[in-house]
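Lettered A, B, C and D in written order, each chain numbered from 1.
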Amino acid sequence: SLTAKSSLSNEDIMRYSRQLLLPEFGVKGQINLSKTSVLVVGCGGLGCPLAQYLAAAGVGRLGLIDYDEVELNNLHRQVLHREENQGQAKALSAASAIKSLNSTVQCCPYQLQLSPENALDLIQQYDIVADCSDNVPTRYLVNDACVLSGKPLVSASALRMEGQLTIYNYKGGPCYRCLYPAPPPPDTVTNCSDGGVLGVVPGIMGCLQALEVFKIASGQGSSLHQQLMMFDAQDARFRSIKLRPRQSDCAVCGQNPSVTKLVDYESFCGSAATDKCRKLNL
Amino acid sequence: SLTAKSSLSNEDIMRYSRQLLLPEFGVKGQINLSKTSVLVVGCGGLGCPLAQYLAAAGVGRLGLIDYDEVELNNLHRQVLHREENQGQAKALSAASAIKSLNSTVQCCPYQLQLSPENALDLIQQYDIVADCSDNVPTRYLVNDACVLSGKPLVSASALRMEGQLTIYNYKGGPCYRCLYPAPPPPDTVTNCSDGGVLGVVPGIMGCLQALEVFKIASGQGSSLHQQLMMFDAQDARFRSIKLRPRQSDCAVCGQNPSVTKLVDYESFCGSAATDKCRKLNL
Amino acid sequence: MAAPLSLHLEFGGGAELLFNSEKKHQVSLPGQAGPWDIRQLLVWIQQNLLKERPELFIQGDTVRPGILVLINDADWELMGQLDYQLQDGDTVVFISTLHGG
Amino acid sequence: MAAPLSLHLEFGGGAELLFNSEKKHQVSLPGQAGPWDIRQLLVWIQQNLLKERPELFIQGDTVRPGILVLINDADWELMGQLDYQLQDGDTVVFISTLHGG
């Protein structure tokens, strides 16, 4: 965990002066932020802007998970990576961009696939988890691991010209399984690699996701508790939906959970934990 | 103006494949975008994410205006600049980051203050103008220059934990002067350097601004015509307001305009065209 | 016999692709002896709006997993789910969950 | 004599700083002989809500330049401006223009 910081250095005061001026944030919020660690699952279209703004604002420690490598077709939306990073691990490419923006942030790149074997170990080392992944099995895995570790999960997604943002496992609100007890039939799942995505849509959603992480980390608390924010880029319209509370019959966060350790999410969902080829031959 | 492009290279097809898949965009939208030039006024908290996503998506030409140099207190929100760029011209620092993201975009940095002397010459070379500036005189100057040159103006602003976005001089909608015929008393103007700003708020607004530029450039048209989008980060709430149409008695876009060439905007506003020291001693 | 019911239906997150890519549908349900509930609305949608591959929208008597139903901007779970009795002028939204990033 | 009028007032973009930093105010205007219009509302706000430096909010009989007035999510210019006659339950928003970037 992070060294407890009780005051700001002169350089911190200079660097963060524009946000120290905010009454909602101030010195206390900055110190809280500098003590907070955030795990970013996925360094793609959502993870890039999220990591960029959290690092710029002075989050204490940032874990960056991605098993994948930078490809040319990522660059229209994954704005931390550069042309020269093609073929490199996304986690390392993102970490290097983050360091050049704010060298005072502890940055931990993990070039690996989040899995039932490593997820709890990793998530236990962080205060807040941001789900920036791109496939269904990973979303269930991250959810269950957050519930089992008691961590708030700020979850965004984007496809075509739409985006969604919710906070799970936070202040009596639902977890992902409370909303979606059964996984969608694999036939109905469209990923960015087959449905496409307008690059700035994950940009917008990743920034909004960073804002909620920021509000939790600084102590203000998220205003999206038990809410779903939906964005339609075609008509530039946002809509906020009141969600169900935590469900007492939920398989993982309910009163008699049947899921008490991580399971095999690829089998559960019938699809692979990647957005590249969506069906798993079982 | 840009060389007329009628097809996409193989590399373009690879790079932009995820947005070529979108029915609203497709090959035609990509070609339209590659023929469009956008002038970004200000490479700060709004200009950085805007330029980043427009360049990533493959806009044809990007003009980047900023007279200022990178300072440590910019880095919490001006995410194209790096620690090592401190002291460098923002326009050059931004251009270098843009080039490493997408070298196929023509990028024209201008290290200068937009002024009544140079504004028309510059704006006439571009199809769309994005106002990412940080002070009142520049906002009137950009507006008048866009009206006199017949260019659509996508205008965003951010302060503390709030943001605003509008499109001026577009399809019968109002210009900035239609809404604000008289400048605000200098005493009532708060800038980011005295009021502060949460970095991700201009991030969100700059991304939304880029989306509207993108929709105009690709041929879909903006959905914010005659509308004002307001964002409150504290409660993560957006609100869209129906605005007045173009006003027939407007001083610059009305039927008998009194402003037929650019004037002295610092005198008109009683303040300097910078966000650093807000009052002008007249 | 109740009067016909005017509803505003919306589909999003990809669910609109099953409805001619049209996101917004203003519909009128015929008058019937009792009130309309969501269970009956799903049958009506399947018979009147759904052009192809109904199994991608409906499974059994409810929506397929991964579609969230919203009644007047609230999760249908808060409103009685399939048993919610529709009122004239209600907005019902069917949103497919997005997973991309 | 008309009944008292219940209004939802909001201040934003910095205008709330003149009102104890409170963005939302639920207020009740007393009953009077004729209807209330925005011109009268501004006088009422100045006398009842505005704590300090009224010149930063009001100039003459209208709001100072740089404040936009919104009536039920529409620009007041579309609604008759100072002459708009308030209805019970209306939302009136006063937004200071932002210039930062």
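In this section, a contact is a pair of C-beta atoms (placed from the backbone, for glycine too) under 8 Å apart; a residue touches a chain by one contact, two chains touch by 3 or more.
Computed from a prediction, not measured in an experiment: that's the story for all the values here.
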Distance between the centres, which are taken as Cα means, of subunit D and subunit C, whole angstrom:
40
Quick check: how many Å separate the C-alpha centres of subunit A and subunit C?
30
Could you check subunit A for residues that touch two or more other chains and list them?
160, 192, 195, 197, 240
Give me the residue numbers in subunit C that touch at least two other chains, ranges are fine.
none
Viewed as a graph of touching chains, is the assembly arranged as a line, ring, star, complete set, or other?
line
Spell out all pairs of chains that touch, sorted by label.
A-B, A-C, B-D
Within their complex, state which residues of subunit B touch subunit A.
11, 14-22, 24-25, 49, 52-53, 56-58, 72-73, 75-77, 79, 81-84, 100-103, 160-161, 192-201, 203-204, 207-208, 210-212, 214, 220, 222-224, 229, 233-238, 240
Subunit D touches which residues of subunit B in the complex?
42, 44-47, 132-136, 139, 156-160, 162-164, 179-185, 187-192, 195, 197, 202, 228, 230, 232, 239-244, 247, 275
Quick one: in the complex, what on subunit C touches subunit A?
12-14, 23, 55-56, 64-68, 70, 73-75, 77-78, 95-101
